[in-house]
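Listed next: structures, encoded as structure tokens.
In the two complexes below, chain A is the common chain; its partner is chain B in one and chain C in the other.
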Partner chain A sequence: MLKPKHILFPLVMIMLFAFPVVRPPLFFLTLCFSVFMFVGLSESWNLLGGYTGYVSLGHIAFFSTGAYTTAVFMNRFGISPFITAILGGVFSAVLAALVGYPVLRLKGAYFTISSLLLAVVMQLIFMNWDFVGSSTGLWYKLLPVSIEVNRILFYEAMLIVATAITLVVRYVERSKFGAGLVAIREDEDVAKTMGINTPWLKMKAFILGAFLAGVVGGIYGYYMSYVHPEVTFSMNTSLLILLMSFFGGCRSWSGPLLGAVVLSLANQLIVTFIGAEISRILYGLLLVVVIIFMPDGVMQYAKGLFVREKR
Partner chain B sequence: MLEGIKVTRRFGGLMALTNLDFTVEQGQIVGLIGPNGSGKTTLFNVITGFYPADSGKIIFKGKEITRCKPYEIARLGIARTFQIVRPLLGLSALDNVTTAVLYGREQIAGMAKGRERAAELLAYVRLDDKKDVPAQRLVAAERKRLELARALALKPEFLLLDEVFSGLNDTEIQDAIKLIFRIRDDLGVTIFLIEHVMKAVMGTCEKIFVIQYGVKLAEGKPEEVSRDPAVIEAYLGKKRTC
Partner chain C sequence: MSLSYIIESIISGLLLGGIYALLSVGFGLTWGTMKVLNISHAVFAVLGAFVSYWLFVKAGLDPLLSLPLLAALLFLVGAVLYRLVIRPVQKARDVIMASMVATFGVAIVVENLMSFIWRPDPRILKPPYAGSSIFIGEMAISQGPLIGFIMAITSIALLYLFLHHTYIGKGVQATWQNPTGAALVGINPGTVSLITFALSIASAGVAGVAMAMIYAFYPSVQSVWTMFVFLVTIVGGVGSVIGTGLAGLLIGFIIGLCAAFLPFVWVNVLLFALLLAILLFKPEGLFGT
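Right, the complex of A and B next:
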């Protein structure tokens, strides 16, 4: 049976891929790029944060690892940014494996605080590490193409990455792996009695999430053409990722997708037309409102309204 | 089938279990009773690896499991229910059991097959009409049956039941007793249960262990145990002679 979604999904994808053909102003491509980036980040964050409920504030560390990997490998070895993006993912995954072993033993607020510390400590290290440019940051060598082609190229690359990540997360959600992760969120002890190797499952989700965030970071880094610890490790980004997932609803893959699209567009509009400082205040308020009134996210909230009306 | 040798567990200075010996033979239904705080649930937690024993050994089918992790013990075929039932509240009854089926010992691969098997198990505990209801909306008796279905999803050889009868009314207790016999007879599962409802214990168990302050007080057939002066004293206190 052909359902509307079978037509809608390819149609939207084709439109998104073809968007640069109409030669939109560069501003729109940049805007879309940042939307895709946040889709990729929120979805990859959701693997651990949403399904198992281990809320991490350190996701930005993996993203930055990806960005720096691209910078270093391009500048020193002249490797294409698309290959270094994968490498960035691998480095992030290794980092996650090393950090995850001790940190994933902690629960609740303790886990959240240590994941936050991961980002803070890494930022300090990168600020003082000359090999990666320390506090002056790193410039990237630009690809030998015009700025328009460059933007289009990276628009498409980030679109592919974001789509792939969303599909991976969706696949995980519907698999045995996803069912196990949800069991951990609901009751970790009960999950153990079901025969679930909970430490290993959390580790897998953490590593996969880190890998995906690293790839996003790798592409972002080159796109920005400059990395600096203050920017890439920004606490703000970690909070945004979390807010987007919570806003959309972190129990399903569609939540972070919706949250990332709506909030990064809103963010851009507020920053452009009102001011960056105001946007932070609004974001803080929004997080409070969402957590109090829609703990399962707007997606579930809207479904709830719909069901109530039907009865 | 399951044997404990001088099992000891301390919580700080408190001896929760002291040199406890016990055996459960294959195919038996064995009861574990004792006053509140006597260490019954602690013993279950020690067997399932949640609180590793400080000393002593636990042997399951000839293999020592004293140091195994909870999930390893589950995979060896020891399933348990919790005293205060712990369904995965956010999930439907079917999803609760499906997850357990997928990670259980039946090696069922694929969501669709897992759901099918889970639906069968829910039918087995007569909860099939509630399979799409969120676990949150089930009443106590239903939650207990759900917990039982989830434990059975593992395809266990050994089942630890922690007070499955408590809080049920008389008819529900009769149903539950029948269900326990069916689990033993149809599925060949050996059962070790903690119980306060004496009617249920007397009606199901072939052998009963009584513990108090973490020490074994008595062991034997239900009628023997219920006449044992030490047991009567533990529950009711000493008879005054003057």
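Right, the complex of A and C next:
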């Protein structure tokens, strides 16, 4: 049977893919680009943070690894950004594997702290490492096509990546792997007793999330044509990722998608028309409100309201 | 490299460590006793630095004189934050997790409020006496860190005395040891939590003034300060005032020793490695209870 969603989903996708054809002003293109980017980031964060409850504040480290990989490999070796984006993902995955083995043994707050430290320390290193441009950052060499074509190319690339990530996360959620991750969230010790290889599952989710974030970072860096340790490692991006997932509800793939679309649209609009600092203040407040009043996300909260009113 | 150079470096490291201890002591208290992990702790240190800076620059009020005023102000801020954010969060299923994420939001809010109101340029708190140095033989000890250290040790001692030798402080301790028992003998857990949390924020503010006499500060420096808070708290073990103090000094010693041989940034990286090692092999801290 043909359900509305079977028509709606391809329709939306076709419209998004065809969007650059109407030659939209740069503002709208960048707006959509940042929406896709945050969809990719919060979905990939959700693999570990949402399903297992291991809240990471270091996702930005993997994203930045991707951005820097593209910058370095393009500038020094002239390798195509589409290849370096994948390479950035691989580097992020390797980093995640190295860091993940010790860090994932930690539980709860200790894990979160370590992940935050990972981001802070990597920022410190990158700010003082001349090979990656230290505190002045790196400019990208652009591809030998016009800037407009460049932007459209990477708009499409990010759209594909974001869609792919969402589908991957959706697939994971419905697989045995996803069920194992949820079991870790519910009760890790019990899950272990039932014969679930929890360390390996956590590791897989961490590495997969890092890989996906690295790819997103690679494409982001190229689109912005500039990486800077203060900007790419910004704590505010970590906040946005967290907020989007919690706002939408981090128990299902649809939550981060909803959160990312709604909040990054709002974020871009506020940043453009009111100011970046105001938007961050509002978003910080929103995170507090979400945690206090709707810990299961806005959709569950709305459902709760609806049910209560019906009684 | 002469011996006196190394000793000088270690002494300034120890002075720094005392200040880190004060910066961390409140964080450890709320984590250990209220199960509230306050990631916004260091941002209030930066807030304290800013308030003290403005009182000094605009009103000509010496940072040492304005200290009681500042502590009272931040106590109030802490109390308000407790009522608005921490108390609702304490009802969550997983208090540590919820408080951590919520206060992460608070940290971003306060950081950006500060850069919105005061611009994000780096500043340094320089009362006239902070610039000069005391000489012992060949060694020079700058007065800024020395004054900060004295402030820190005094504050930690006051906090310790409050917790162990006053009526309210004993009530606070009783609640941590056995919440139900304390409630049964008529101690109001809400009030106790409020006092603990507000005190922790006030101590952060005072530590911020001490930090500002040594380092340049700007709103986003809070993430680096947070790193030191974690480091000291994890090394010292959660929830012990004396443990935090010792851990601060130990870390200061390590910083001083390494700073004699390495650029400062790599010292930070080294400290992170140390922290990871402790988390992995001795997560209850070196001086843990």
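Just so it is clear, the second predicted complex is superposed on the first by the 302 of 311 C-alpha atoms of A that agree within 3 Å, B and C clash if a C-alpha of one lies under 4 Å from a C-alpha of the other, contacts with A are read in each partner's own complex, and residues count from 1 in each chain.
Assume a residue touches a chain if its C-beta (ideal position, glycine included) is under 8 Å from a C-beta of that chain, and two chains touch if they have at least 3 such contacts.
Fair warning: this is a prediction, and the values are worked out from it, not measured in the lab.
By the touch criterion defined above, A:7 lies against neither chain B nor chain C after alignment on the C-alpha atoms of chain A. By the document's definition of touching, of the two partners only chain B reaches A:186; chain C does not.
In the superposition on chain A, no contact is made by A:167 with either chain B or chain C. When the two complexes are overlaid, the chain among chain B and chain C that reaches more residues of chain A is C. In the overlay built on the shared chain, the residue A:83 is in contact with neither chain B nor chain C.
In the superposition on chain A, contact is made by A:284 with chain C only, not with chain B. Within the superposed three-chain model, A:124 lies in touch with chain C and out of touch with chain B [touch as defined at top]. The intersection of chain A residues touching chain B with those touching chain C, taken from the two complexes, is empty.
Put simply, chain B touches chain A in their complex at residues 48, 50, 69-71, 74-75, 79-80, 82, 86, 88-91, 95, 98-100, 102-105, 109, 111, 114, 150-151, 153-154. Contact residues on chain A toward chain C in their complex (touch as defined above): 53, 55, 57, 102-103, 105-106, 108-110, 112-114, 116-117, 120-121, 124-125, 127-128, 230, 235-236, 239, 242-243, 246, 275, 277-278, 280-281, 283-288, 291-292, 295.
Taken in their complex, chain A has these residues touching chain B: 174-176, 179-180, 182-183, 185-187, 189-190, 192-198, 251.
On the chain C side of its complex with chain A, the touching residues are 31, 37, 39, 85, 88-89, 92-94, 96-98, 100-102, 104-109, 111-113, 115-116, 220, 223-224, 226-227, 230, 234, 263, 265-266, 268-269, 272, 275-276, 279-280, 283.
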